[in-house]
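Note that chain A is present in both complexes that follow, paired respectively with chain B and with chain C.
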Partner chain A sequence: MTSAQLEIQIIAALVAMACAIPGTFLVLRKMAMISDAISHSILPGLVLGFFITNDLNSPFLILLAAITGVVTVVLVEFIQKTGLVKEDTAIGLVFPALFSIGVILIAKNANDVHLDIDAVLLGELAFAPFDRLEVNAIDIGPKSLWVIGTILLTTISLLLLFFKELKLSTFDKGLATTLGFSPLLLHYGLMTVSSITVVGAFDAVGAILVVALIIAPAATAYLLTDSLKKMLLISCFLGVFSAISGYWMANFLDASIAGSMTTMLGIIFLIVYLFAPKRGVFSVIYKEKHQRIEVSLLVFLLHLQNHVEIEERHVDHLQKHINWGKVKSKTILDLAQKNNLIKLSGNIVNLTEKGTEFTEEALRYITTNKETAIEDLKAKFFLFRG
Partner chain B sequence: MIQKKYAIQIDDLTVAYNYKPVLWDIDLLIPEGVLMAVVGPNGAGKSTLIKAILGIIKPIAGSVKIFGKPYKKQVNKVAYVPQKGSVDWDFPTTSLDVVMMGTYGSLGWIKRPGSKEKKQALEALEKVGMLEFKNRQISQLSGGQQQRIFLARALVQNASIYLMDEPFQGVDATTEKAIINILKELRKAGKTLVVVHHDLQTVPEYFDWVTFLNVKGIASGQVKEIFNDNNLTKTYGINYKVAINK
Partner chain C sequence: MDLIDFFTNYTLRTITLGTAILGAICGMLGSFAVLRKQSLLGDAISHASLPGIALAFIITGVKDPNLILLGALISGLIGTFWIKGITKRTRLKSDTALGLILSLFFGLGILLLTFIQKMPNANQAGLDKYLFGQAATLVEQDVLIMASVTGVSLIVLLLFWKEFKLLLFDPDYTKTLGFNTRFLDILITFFIVLAIVLGLQTVGVILMSAMLLAPAAAARQWTNNLSTMIILASIFGALSGIFGTAISATQNNLSTGPVIVLIAASFVLISFAFSPSRGLIFREMRFRKNRKELHLKKTLTFMYRIAQNHDNISHPHAIRILNNFQGFTKKSLLKLENQELISLSGKQWALTKKGYEEAASINKKLGKSDD
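Now for the complex of A and B:
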């Protein structure tokens, strides 16, 4: 691995982390699409800054572009507040307008600046190691490494300082207001951090893919945890993992680094979406299937409890009486027997002592709907779990 | 001149959404230590009144004073129990963590909750009978349990005034009893409680003070004095028995 390769991976990892942190809050605030708006509409700010400074990593340019990002949010909110258009429409109106101004600015000056539409859309991480930062004529690494490193450090410090405030205002804006915190200030703080992060990441991954780095890790982490702290950590980890594995994938395929990173994010999301232990598609299907079986089992047990007549408790009769298909009634008979809830004498089904007790408890839960009763059931029997 | 002590004093309050008034020139005095129901039909502005007291909504006219001072100076004296639907229960957090949020007000900016705050939160959870669910993710709670979590969160604020927006909405009879017992205990401890309430039938049993509201203030006073046919008809526009059975 050459030092340029190492530098690219470090930059990619830092970009991914810097995006994942504000991304977590944007996803929880259901504002994911605002990152799309910001990433496009900073373009005119970026281009103007570039004309003035001639340096994509100049702090002045970053500031100017970040201001454009915040202006986007303000404009979207302003249009939305008039009540004449909805939020998604307002977003769709604002960012193409600003983006197109940027595109025209680039096109008009395309001949003499090093900034083209491809780079704007997709970024060019591979060139990052060529633009060095020198202090007293000593090379201290690629400029973009320093830029994104500074942004990430600032983001982490702000997160540590205002974690409590961000959590509260994201979960319950009303309470945040009444407790004397300013949700508005926090909102614009988050928007500013998001804008600066997008500008910092822009050079590396471009306007379209930066959205994936912001949203995908958070959306994936959301499916994996019940804690905000863990969600932040998992987001960052997934971002870094995709950055590095994406780099090697690009290396192997001889393809775009940013494109490969995003593809990795997509693959990871898909895997988690399908296989996440509690919220994944398969886990939900499995749970629903089991709940169906358990409800049928309960119906079956209640039927046994309600009928002493032999003919009502004959195995063959049960199948047509309770309206089950053959496979299902066998599943339920087996399940009940396995848990010692029933015993078969010939073809006649009888409730066991445990079966009677279980049925009574389940019935009590259904009629009283008391949570304590169900807690008992969960511990004692397999039913009602999860 | 000796002034009687009012927990909340509302003068000429008018609140509008998009220039359409939802509360019209409200004058309301809420004495300290009452357990008060705010009743009125849908769209009467009951929730808006609570939000205006808390400064969540800015009024276009009038003023609200908490113990004689503007709300901003009395933030720590007021606790708020919002409607359950006002937050996203899929948020990645636990019961205990939500209750801890009640301590953030006294902590102020930046300072983080420590073991003292955790202890307060656990005590509040125990009071509402939710201690065993402290580590449960909040989406895994039933509606009644979520309401109790909100109540516990208000309890840790240890405020003088509690403003509650329909705390009995969607809870079962047992939870309703449990909540009202806690409210009565708070009143005994000298707290002032303002509760947006829907079930007219239970007003005389639960509350000692009542405010009738329908965009304008209709009447406010002791339940045994003003909870009558006349005021109910004025508020709901239909006769008392119909209103009560609704």
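Now for the complex of A and C:
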């Protein structure tokens, strides 16, 4: 591994972390698409800044572009407030217009500007190590490493300083306001940090993939945990992991680094989306199936409790009267027997003592709704779940 | 480029026709996207179609625009249904789902595109045009495809008109009436995806969403009627296409896509400002007018209270006594006189009979609590 390769990986990892932190809050605040809008609409700011400074890593340019990002947010909110269009339409209208202005600015000045559209879209991570920062003629590393490092440090210190305020205003805006924190200030603070991060990361991964780095790690982490701290840590870890593995994939395929970083994020998300414990698709489907069986079981037990007549309690009755298929009837009978809720004498079903007790409690739950959840009840009585 | 060329130049005519048709179909189907609160879906779909474009090229090895469009369509549909899956099955909200699919698919697309670039038989030049669109590459066949898709979607729209309309405004009611809402939903989504995919070659992946939204958002400001809105949106879309092509043809280095989007955006801006019923300017004017009228009415009721204490309602009073009341100005008094509600003579005012009745009815409306 050459030092250039190492530097690229460090930059990629720092970018991923810097994006994952604001991303976590954007996802939780249901404002993920704002990052998409910002990443597009900073283009005109970036181009204007480039005309003035001629340096993609200049702090002035980053500031100017970040201001454009915040202006976008303000503009979107203004349009939303007029009530002329629905919320998401406002986002969808603002950023393409600003992006178009940026593209036209670049195209009209193509001859004098070293800023092409591909760089804007894809980033130039591979070239990052060649743009060195020199202090007193001593090489102290790639410029973008310093830029993104500064941004990451600022983000982390802001996060530590305002962690409880951010947490509170994210989950309970009303309480935050009554306690005297200004949600508005935090909102625009978060927007400013996001804008600066997007601009800083832009150079490395390009306009659209920065959105992936912001949203995907946070969304994936959200499927894995309920704790904000853990979510922040997991999303940083996922970002760094996909940055480094993405780099090596790009190396192997000889393709875009940013593209393969995003693809790694996509693969991780797909795996978590399908297999996450509790919140993954498979476990949701599995849980739904169980719940369906357990509800049927409850219906069956209530039916037994209601009827003393032999013919109502005959096994065949399940198929004939309640209209359950053979397989379903058998599953439910088996489950009830395994849990000692019923006894079979011949083909007649009888509730056991435990079954009667459970049914009565369940009935009380259904009619009064006083118990917090029927799940507790099930946990108390069921040895085997559906 | 002269204006004459614009009508005689065959290539330019084809391109203009293409962008006009594209604008029209986008306006038509975009109206549904906007009203169904799926504005950003277009953005996600257009980005999600990129890997399809690249894969179609990798698999077939040829640059057949129709095959590439098919790839884009399939990948766009996969993206759309995955978005629906994410919002339905997990606790991630729709904005996160949209952003995820948009960026992840786009990243995969970029990976594949850069991979193609390095392929030995790389004849890939031209795939880049799907990023920003290149209206200049439109040929007659493309326009024909666009026209026929527009025709088909128009027919489907007319066939399912009342179902779509009902689904748009009251999905639950539609379901209880026994319509297959799932089918209708898929049908309309399919056509939206189709429109987006058609526009990729012209406007490009990144700006396509604006093409879908802007004409519809502009049209929405002028009417509350669905069919009028759709027609207006199609017209706005077509005009954006025509003007955009014309402007970008007159200048060097000006790609068509961004210009079309900017024209469409200015339609939105104009509609936001000048629409008579919803526009910001007229709304502000109505506010002001209402405020003034309220002031006049306040003055009139104040006068009424004074006049009430006299036998002769038209007994003149000095203007001076209105001083402790801030609602009146010389102008507002003149206005009241113009409406024949009061009569002025020198420094005196008097309520007319009409004015007295008017004020009495206002007072009545205000409620008896004041009396």
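As a working rule, the second predicted complex is superposed on the first by the 374 of 386 C-alpha atoms of A that agree within 3 Å, B and C clash if a C-alpha of one lies under 4 Å from a C-alpha of the other, contacts with A are read in each partner's own complex, and residues count from 1 in each chain.
In this section, contacts are C-beta pairs under 8 Å (C-beta built on N, C-alpha and C of every residue); 3 or more make two chains touch, one makes a residue touch a chain.
None of the values given here were measured: they were computed from a predicted structure.
> Sticking to the clash and touch definitions up top, decide whether chain B and chain C on chain A clash or fit.
Once chain A is superposed (C-alpha atoms), there is room for both chain B and chain C without a clash.
> For the overlay on chain A, what angle lies at chain A between chain B and chain C, C-alpha centres, nearest 10°?
Nearest-10 rounding gives 80 degrees.
> Just to be sure I read the superposition right, which of the two partners does A:Thr359 touch: chain B = first, chain C = second, or both, or neither?
neither
> Using the superposition described at the top, determine whether chain B or chain C touches more residues of chain A.
C
> Which partner chains sit in contact with A:Thr72 here, chain B, chain C, both or neither? Use first/second/both/neither.
In the superposition, A:Thr72 touches no partner, neither chain B nor chain C.
> Contact-wise, after the overlay, does A:Phe171 reach chain B, chain C, both or neither (first, second, both, neither)?
first
> One more residue to check, A:Leu253. First (chain B), second (chain C), both or neither?
A:Leu253 sits against chain C, while chain B stays out of touch.
> Which partner does A:Ile101 reach: the first (chain B), the second (chain C), both, or neither?
Touch partner of A:Ile101: chain C, not chain B.
> Applying the document's definition of touch, where does A:Ala212 land relative to chain B and chain C: first, second, both, or neither?
second
> Please indicate which partner A:Asp36 is in contact with in the superposed arrangement: first for chain B, second for chain C, both, or neither.
second
> Once chain A of both complexes is superposed, is A:Thr263 in touch with chain B (first), chain C (second), both, or neither?
Once the two structures are laid over each other on A, A:Thr263 reaches chain C alone.
> After superposition on the shared chain, which partner residues are touched by A:Gln9: those of chain B (first), chain C (second), both, or neither?
Once the two structures are laid over each other on A, A:Gln9 reaches no partner at all.
> Please state the minimum Cα-Cα separation between chain B and chain C in the superposed model, rounded to the nearest whole Å.
8
> Between chain B and chain C, which residues of chain A are contacted by each of them?
In chain A, residues 30, 222 are touched by chain B and also by chain C.
> In the complex, go through chain A and note every residue touching chain B.
28, 30, 83, 161-165, 167-168, 170-172, 174-175, 177-181, 222, 225-228, 230-231, 369-371, 375
> Looking at the complex, which residues from chain C come into contact with chain A?
34, 37-40, 42-43, 47, 85-86, 89-93, 95-96, 98-100, 102-115, 118, 128, 131-132, 206-207, 209-210, 213-214, 217, 220-221, 253-255, 257-259, 261-262, 265, 268, 272, 278, 280
> Mind pulling up the chain A residues that touch chain C in the complex?
Residue positions touching the partner: 27, 30-33, 35-36, 40, 79, 82, 84-86, 88-89, 91-93, 96-97, 99-101, 103-104, 107-108, 110, 117-118, 121-122, 208-209, 211-212, 214-216, 218-219, 222-223, 250, 253-256, 258-263, 265-266, 269, 273, 279-281, 284-285.
> Give every residue of chain B touching chain A within the complex, in rising order.
18, 51, 54-56, 72, 75-76, 78, 80, 82, 86-88, 91-94, 98, 101, 104-105, 107-110, 112-113, 132, 137, 142, 144-145, 153, 172, 174
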